[in-house]
Amino acid sequence: MEQSTISPEEIIKTGTVAFKPTKAMIDTNMSYCPGCGHGVAHRLVMEVVEEMGIIEDTIGIAPVGCSVLAYDFMDIDMQQAAHGRAPAVATGIKRVFPNKHVFTYQGDGDLAAIGTSETIHACNRGENIVIIFVNNGIYGMTGGQLAPTTLPNMKTSTSPYGRDVDMTGQPLKITEMVALLPGVAFVTRQAVHKPGLVRKTKKAIKKAFKIAEEKKGLAFIEIVSNCNSGWKMRPDASNIWLEENMLPFYPLGDIKG
Amino acid sequence: MEQSTISPEEIIKTGTVAFKPTKAMIDTNMSYCPGCGHGVAHRLVMEVVEEMGIIEDTIGIAPVGCSVLAYDFMDIDMQQAAHGRAPAVATGIKRVFPNKHVFTYQGDGDLAAIGTSETIHACNRGENIVIIFVNNGIYGMTGGQLAPTTLPNMKTSTSPYGRDVDMTGQPLKITEMVALLPGVAFVTRQAVHKPGLVRKTKKAIKKAFKIAEEKKGLAFIEIVSNCNSGWKMRPDASNIWLEENMLPFYPLGDIKG
Amino acid sequence: MTEEVIIAGFGGQGVLSLGKILAYSAIMQGQEVSWMPSYGPEMRGGTANVTVILSDEKINSPILNEFDTVIILNQPSMVKFEKEVKPGGILIFDPNGIHNPPTRTDIKIYTIEGVKEATKLKNTKTFNMIIMGAYLKVKPILELDNVHKGLEKSLPTRHHHLIPKNIEAIQIGMEKVKPYEVSQAHLLN
Amino acid sequence: MTEEVIIAGFGGQGVLSLGKILAYSAIMQGQEVSWMPSYGPEMRGGTANVTVILSDEKINSPILNEFDTVIILNQPSMVKFEKEVKPGGILIFDPNGIHNPPTRTDIKIYTIEGVKEATKLKNTKTFNMIIMGAYLKVKPILELDNVHKGLEKSLPTRHHHLIPKNIEAIQIGMEKVKPYEVSQAHLLN
Amino acid sequence: MAKARGAIVVNTEKCKGCNLCVVACPTDVIELHEDVNARGFQYAYPARHYDCTGCVSCAMVCPDLVITVYRAPRVKKTA
Amino acid sequence: MAKARGAIVVNTEKCKGCNLCVVACPTDVIELHEDVNARGFQYAYPARHYDCTGCVSCAMVCPDLVITVYRAPRVKKTA
Amino acid sequence: MEEVHLMKGNEALAEATIRTGVDAYFGYPITPQSEVLEYLMNEQPHLRTGMAVLQAESELAAINMVYGAAACGKKAITSSSGPGISLKAEAISYIAGAELPCLIVNVVRGGAGLGTIQPSQSDYFQAVKGGGHGDYKLIVLAPASVQEMADFVDLGFKLAFKYRTPAFILSDGVIGQMMEKVILPPQQERLTDAQVDELYGDWATLGKKKNKPRNVITSLALKPEIQEEHNHHLQRKYAEITKNETRFEKINCDDANYLIVAYGASARISQKAITLAKEKGLKVGILRPITLWPFPTEAIQEMAKQVKGILAVEMSAGQMVEDVRLAVNGKVPVEHYGRFGGMIHSPTEVCNAVFEKLVNC
Amino acid sequence: MEEVHLMKGNEALAEATIRTGVDAYFGYPITPQSEVLEYLMNEQPHLRTGMAVLQAESELAAINMVYGAAACGKKAITSSSGPGISLKAEAISYIAGAELPCLIVNVVRGGAGLGTIQPSQSDYFQAVKGGGHGDYKLIVLAPASVQEMADFVDLGFKLAFKYRTPAFILSDGVIGQMMEKVILPPQQERLTDAQVDELYGDWATLGKKKNKPRNVITSLALKPEIQEEHNHHLQRKYAEITKNETRFEKINCDDANYLIVAYGASARISQKAITLAKEKGLKVGILRPITLWPFPTEAIQEMAKQVKGILAVEMSAGQMVEDVRLAVNGKVPVEHYGRFGGMIHSPTEVCNAVFEKLVNC
């Protein structure tokens, strides 16, 4: 059989599956805007949960933010937490179910603005949970307002002339802050807009779940992501903007552990 | 006149005053327990305010904690803030009175537990205010409960067998955390249980008020202090305990600026 | 005179701003108006609708459950709003994307090929003004002069140079609007 | 039988635990009890008082505005509580530190030199048990046996070896309590 | 025509036409279709399918789990 | 008797007898009195007043602003 | 001639804050009121009037910023919706206890919990009975038009400062999101610091001036005797406000045989409903409370003498209806009608409810 | 024989949580209820029953920890006082919306604001009408003795789990701080994870089991149609609870000519007051609501047929009295009496109030 003659159709029929959607994601239309990074982040968390074989013992927490409906997409038991309080909710779960896997999935408004206190104290207590922190530099859900993580001079619906750092402060690097805390075992900053980064992020997520499983402390994963709607860009353009503007400020890589 | 014959009584009559209570403190009995460090801390802040000649333009904020009644002792205009919210209240004042001097005076429960979010965000915005943070490692006011700053194995009424760091985390060094924030211009840790330290603390407080006056950002002063009632020790013993146990964990000195 | 109209379609079709221009135009001729949108995240890509009331008198309820005129710009809205036209009222729709055309016989129905005409104009942004034209032809409640003024008021100054294009689109809409008989359903592919 | 008593003095005098021992002792003889303290940060160095009710019947209000017996252990409490003794009721006070002794003539008044006797015993902690003794002498509502049991219940086991000392102090109080005539006021320094 | 080593299947109705797979594909296999799906999106399709290497880059970045990737069956050297 | 170079005045009624001034005084001037004040505290007093140097250490640590410190008038060298 | 604008209720409120000479807005985004902060940020009020506008890190922070600014005698305002207002409960109680004039706006959406973002009126109890702890009251204004969204800013601050007490605008998603014609208030100057000092220096914290007693803002009085007296002082003030400031509107009440009591969006919808009822030959009037606290108890009592039955129409499971019943005190039947959880009753539904619940029963 | 203990109300409640097999307590110190957490910490319940006890960083965190634990089908409890309860308002609304069984305790002190730490009953509205946003209800139990502080833990959880709704204990500084004899409940085993799964696995998040539908806990329904239906579901449940679970106690009501309605500490004080009244020849009964919601409306209506007047006695400026009036609906005069702001009325004062407000007027 001559190799060059095999057609895509034949490959589909006879080949091996190199990638297919994880079954831990519900086969439905996600409510995210086209090109939004939340979708990839969701998938990676669920792939890890599936691959670790812990679906039956995992409880996820959806925040208030665009990912408020994460429970409509992730096929596991989930709770929806009040805005910013996911780490407290996770603590409540973990304290009654010390051997279950508990993760929160939070946006930057949720985790770094209204939820600052809950984030820092859950981290400081070293709750054996995983925090997935999707930093898109904006409040996506409510229509693109300023977030604590919004870049200087970046335009949002509540900084229409660009973020004025004299008035609102510099972007908050909460990830670097929680890395200081002894209760936090693993801190990393990742991204999902390029295939290689997606792979790295998945590895990091797996490591995080392992660390929490081994009760070594809290594992904190920031994912720098786009919000093309909030940024008012096309998805592909938003990823370039992310690369050129977000990453210099939020450099990728492990910060602790 | 032979020097050796002058009596204390004569010195009092004819000598110079080397120290007298500042007029900016109200001449009344403070509600603090005997030997409590809050009294010295109060005095120093008021001495600075008096010496800088800014009584007429200073607004202080009392927290919820033993110093809730600071307004009964400090002879300036003051507001009493809800538990933990003093930095937000200060922000409200400073935004409508950008040229007044605004300071908060807060305990460790107030600032580092319930008020974590307000503390960090006021710091991050670089509000031009002064935060006086009295860290006595305990909730004095309510009867000596665990604070985020309580030392490992330290006994409190809610950790009667000693702080179990596996359950409640390590003591939170919030001062080191806020030092990371670009909005914060000056961070120092001081103490007031020895005369020399008192003098240093006063210098630091003056520096802090100057920095805020010059709109360089937020100035943050931690004062490691005793709570002899909460620690269930005599005042002098509590200061020795402070020296031997608190200071190794909370080392004194400037942290930033 | 009171005119109660709902405009319903996809987000992105200019439904809300069409309503706003209608409202501003009515103000220009001294009338009372109210404009009540559906809102929220379902607007992202989902459906959007706006109830506009124009009246010589003070308007009471901005919320209505039946309308003098219903303008329908996608299929989901047809399902939802066809039944809400008052008996004897008017339904205008753009057949583009409509799989189940209206069936009521107690109302007057018109079609306007808004998408097609906008494509012809090579300017999809004129779509809502074409619809506006169709509406104004069928319900001539606003003088074109006042619509001009309404456009001036509702568009930011930097877009005022676009007003002639908008007026042109309105005129096309006026020309192209056609009565529709329920029996014609088979004609809409 | 119902006995309504308030014990009022400084924080640190053992007022609350005296009340608690009273209450436990009453329980030991099968009675109903209620114990209601003043609370809060004003307790630090400030005044402390506790209302104790012992009764054969179910107790209704833990809050009272007049008492069968008032035990007063400092000056501020005298001002506050002398007037709250029921006519015909009992007031017991430790003259130590009392500048304005009681003046009522429609009640029975007793003194007990608790501070002095405790100093004699070289054990200031026995102060409240001396007061207890004085009270029980004047109002013999509790059998000493039950007081013993009450002490056992209210003290942590590691302090049970102190019970004999406590009983001793109670007996001293019983001995030393003295009737007081209002006309004797000048005798109290 | 290149040797196809991989192939993709796009769940056309679920695709939101975000173009991220198009950008991500190293061999430029994918394009957005002129037509739109029922939800109004121009969906992705393998315009140059024979160039597909099965590298799964497209699937990695697709936010909506739209793409399944297949790899050619291993050809035995001895065959 | 040492040369008194300083002197203190203790506001006896305000003193809470915390003993911190006693500990702080480098020349061991202060003690707590046997008697108590109206609020029941054994108050501080200069038991060895002639040893006072006026260094204000006591006042520095007194939490209740109880102590005023005086220094001996400067003796003119030429006198 | 006054310039006529077409604006959303939220935008009109935002513009009115600038024109009312408000000193500071502190808020946090939440649907359906995010336009307030967005409008303000776009207008750059610091350039127009010097007004400070800050997006806080949370609603908790925002309301406490209001506390700080209001305690300085400055006009401070915040706005939010259900979940955010709940978070403000503690500070609102503090503000009431400390007697600080300020304005708090709730553009109500459906609850409970995260609920829905669609309009509702189910936060009546929270606003009127007190979401926070303790015995306090807010002056609660219920706008029923975009015009009132604009006008009640000034009214709210006037009342708040007159009585040194927080005022509250209880709006809803309909009134906040709809556009209507609005005549904007004229631009007032912000008070200068000297004017604030003159007007409010006897209580506000402006810095302790020489030869003047200093000012302390607090809600604490550890001694219960003092706290009780403070509470009595508040109650006397509330009685005074009830006497002077109860506001309502009567619509077609003169010859009505039935009465609808409704506020905000429900009052608007009910107006259409009573024209439908009239077409069916039924005379229904509307009493629209403008102040929900103080509630127009006497006016309703008066109407209870005239009508055969009263329908409380509100987008809730039945909240204001309790105050109507308390007013009527059994004189005539009082029924409740309303859709809720984000659903809005239509004029027809309200009209039908009058017939079903009052007439044919 | 049952062992009799002498305990503070707060301690009895704490001990009862351990004995009731509660799984988790989350709280934050505040007077007058800090003994709850202190008692628990001292008892090391993780050794006794495996119960988790955690001092949270704030009341906000504590109540959200309760949310998380309760959503797992576990018995979770928190306690606080006024300011702390206000901070919990948002989460309480979430918990009600998400239908989570749990127990929330308020040992009430005087407000508003920081207020005072002395006893009060001025958080009635907050507990009963809803401090949070939206149309929700809590089952509110009002203990009037240390015994009830202990007993209502079990009762609260039973009701909470039966109806999947939060229960609330509205206590006060008197009941929390006083000591009385108490018979402690027997030690119940905590449910094992398997039992929780069996009992609550159809709604609680325990991890998605194979071949079982998964569970999601949320209060969100963006579509108002769905949210409305959810709200109707809640209202039906509330009607059911009202029918089945209204609890009250009648004291000396048989031949009473006047009635006091009072709960908690005020009911205790009123008992003494009616003996004083009896001495003066007046027959006064007491109706003590044990559930404040559902309120004993019918029982009061019944009594209104018998008595000449009703006095609502509460340590507040007048809150529960509204529910009494709503029940009585004008049949007989209803008056309010109560000291507040941390002051406690004495039996004599209450007795006098009966004469002044009802008899001689």
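Residue numbering begins at 1 within each chain, and the chains themselves are lettered A, B, C, D, E, F, G and H in the order written.
Convention: a residue touches a chain if its C-beta (ideal position, glycine included) is under 8 Å from a C-beta of that chain, and two chains touch if they have at least 3 such contacts.
All values reported here derive from a predicted model rather than from experimental measurement.
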Chain-contact steps, minimal, separating chain F from chain C
3
Using the touch definition from the top, what's the fewest steps needed to get from chain A to chain H?
1
Higher-contact pair (C-beta pairs counted), B-F versus B-H:
B-F
Rounded Å distance, chain F centre to chain H centre (Cα mean)
56
Could you work out how far the Cα centre of chain D sits from that of chain H, in whole Å?
35
In angstrom, rounded to a whole number, how far apart do the mean CA points of chain B and chain E lie?
63
Centre to centre, by mean C-alpha position, how many angstrom separate chain D and chain E?
89
Interface hub residues of chain H, defined as touching at least two other chains:
31, 54, 57-58, 60, 83, 90, 94, 98, 113-114, 117-118, 218-220, 222
Name the residues of chain D that each touch 2 or more other chains.
40-41, 45
Where chain F touches two or more other chains, by residue
39
So, in the complex, the side of chain B touching chain A is made of residues 113-117, 120-121, 124-126, 148, 166-170, 172-173, 176-177, 180-183
Spell out the residues on chain G that touch chain H in their complex, using ranges where they run on.
60, 82-87, 89-90, 93-98, 108, 110-118, 120, 122-123, 125-126, 129-136, 218-225, 227-232, 234-235, 316-319, 322, 325-326, 329-331, 339-343
Residues of chain A that touch chain E when the two form their complex
1, 3-4, 6-9, 11-12, 14-22, 25, 27, 29-30, 32-40, 43, 192-195, 198-199, 234-236, 239
In their shared complex, chain H is touched by residues of chain A numbered 55-59, 61-62, 68-69, 71, 75-82, 85, 88-93, 95-97, 100, 117-118, 121
Going by the contact rule at the top, pick out the chain G residues touching chain B in the complex.
23-24, 26, 52, 54, 56-58, 60-62, 64-72, 74, 76, 90-91, 94, 98, 193, 205-210, 214-220
